[in-house]
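These notes are about the structure you will find just below.
Note that the chains take the letters A, B, C and D in the order they are written out, and that residue 1 is the start of every chain.
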């Protein structure tokens, strides 16, 4: 653990590990070391006393959470193939990053981890003001959750090398140019 | 089914059946016929094509949703006895009103069914604009959910004789004097 | 100032003075001393360093905030007479309770002071965790704002003799039987 | 007006014209024709019966909306120079794009137009389900508002050549690679 992590107040800090579900990992994660890096972050977060919160996509049977009007999600609702991404073992959090001990799991139905979930309630109930984000994809859950967190006055950090996107140039643009305006960028090694 | 129910557009109407959990029923429900009346409402709602949504209180292990500062809920967090109200069979929805078929279950951690849940998301995704409420207690989940629903522009109905409160005079005051300002009052027989 | 007020941390406490608008006062307030009591509360709050926040109903021209579907508010939208309640001097905060100095004014368009406003944002930005509520009517803005505040984990107090309702028995039932479940009741003299 | 605009239902569509404030325009807008293009969009929107909504940043005296903890906004709170960007004529909507007729103005205090405002309330009250977005900066209000709109199930369009960013490559990456995943891209000429 570096000097940097010592500057967090662990009791008021949460690591958000987002959308690391088995099918999503297999579709998006090209760097074979990313899971190991992310697993190391979770391990160090737990041992330092930070709250680990896993965010994952999930639905009730027949997906009542999804509008037929949603251009983004109606494909999931209407296509058996898309739906399978989030069902059964494919939809589980990847075993390398699975919940342990006092970790919390939040199930979401949209892009941002805050939309229609109890994430903000849990964070405030536990006086957590600092969020450390990583996940897949960079231009999906990470981007949307970061912007919501900033607008809700959380202090935010993003672990850039524990995020990945289908398009590498999008990942690079966001991590290098957009996220630094809103957040402090870190690497897994910094943590 | 009376003429009155014919005035609902069933595809855009949901019945919210709230906090009818076994321990809560045994603590609050004094009228032995209330469960049968409420069960009849759910049966007629399903057969007419309305969406039935069950709302219940529930927590993750160790109740991370609850703040130590909460005067209302910290007792649940800190007292084994209070916590048992919401755990295991005591916390299940009462068998007489249990979910069936395409019913939806929403788990909440506060008084209102809207606070920190995906209820509003589900209602909007399904173009549901009319809510028919009943539950326990009148001065708890029914009152708080009704006021949130009104402020979110839902058209609301309350089935007064399927609500109950620890204090009968509070129930009567709310149903007779407060709810009519915000909502249309019905009885189970009207439905 | 009594011993009781000394137990508040003034820098983290706000007094919410709600819907004390001239036309509303003239319609609802029957006790001629209520305005003087409420004015004393605001004066003592300011001198002790608490934040005073005035909440009032107001609309843009043509009331785009109001849905034609709203059974509660469409009368305001569609009736010139109802609309005048909230326009010009009739809609201003009553001169006896007018904003002063660093007081904040929040304009709302629904029943609860939290719905569609920046109230929660302002409270959190200023680390305010305790709210002291009073206003007109007891079964309107006070009830709805109290329930929202409780579900958002604010510590709440209601100054019962600075609230009033069109129906005295509704006021009494809420203040004596419903509010104590959610809040600590005070009188203006306690403050 | 092209064939494309004919596919909108004007009565259920709003154009969001965002953060086009005089000081922001002078800092960000490098293309001298952008204001004329955006003004044309507003003109055609009004004449076709769409609702034009202007979104702008603004604060009460002393900026109580801003937390001292906010890394993004505390500079505005604490620096006279930053604050002047949003005050007086500098903070007004640029005259070339000023509100007219039945246009609506929404004042915000964060990045997204939805955070802590009545925008969602106004849209829902008017049955508006389609949003056409433009504004400054691409990586600020446009990005954050788009993501919130998508998560709230609005159908969204972005007019790419009526958005601009301090960094042209960020603008290009977002408009070409990120926005198309969430939205339909248009040009002012398409509209």
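Heads up, the rule we're going with is that a residue touches a chain if its C-beta (ideal position, glycine included) is under 8 Å from a C-beta of that chain, and two chains touch if they have at least 3 such contacts.
All figures in this text were calculated on a predicted structure; none of them were measured in a lab.
Undergrad: Name whichever of C-D and B-D has more C-beta pairs touching across its two chains.
TA: Output for the comparison: C-D.
Undergrad: Where centres are the averaged C-alpha coordinates, which chain has the largest centre distance to chain B?
TA: For chain B, the chain whose C-alpha mean is farthest off is D.
Undergrad: Between chain A and chain D, two touching copies, which fits better, same or different residues at the interface, with half of the numbers shared as the threshold?
TA: The interface is built from the same residue numbers on each side, given that over half of them are used by both copies.
Undergrad: Using the average of all C-alpha atoms in each chain as its centre, how far is it in Å between chain B and chain D?
TA: Whole-Å distance between the two chain centres: 39.
Undergrad: Between chain A and chain D, what's the gap in Å when you average each chain's C-alpha atoms?
TA: Chain centroid spacing, chain A to chain D, equals 27 Å.
Undergrad: So what's the Cα centroid distance for chain C and chain D, whole Å?
TA: About 32 Å, centre to centre.
Undergrad: Can you tell me which residues of chain C touch two or more of the remaining chains?
TA: Each of 67, 70, 110, 115-116, 124-125, 153 in chain C touches at least two other chains.
Undergrad: Under the definition above, what is the set of chain D residues touching chain B in their complex?
TA: Going through chain D, the ones touching chain B are 124-125, 153.
Undergrad: If you look only at chain C, which of its residues touch chain D in the complex?
TA: 51, 60, 62, 64-67, 70, 102, 104-105, 109-110, 115-118, 120-122, 124-126
Undergrad: Which part of chain C faces chain B closely enough to touch in the complex?
TA: Per the touch definition, chain C meets chain B at residues 67, 69-72, 110-112, 115-116, 129, 139, 143-144, 147-148, 150-153, 155, 167, 169-170, 173-174, 177-178, 181-182.
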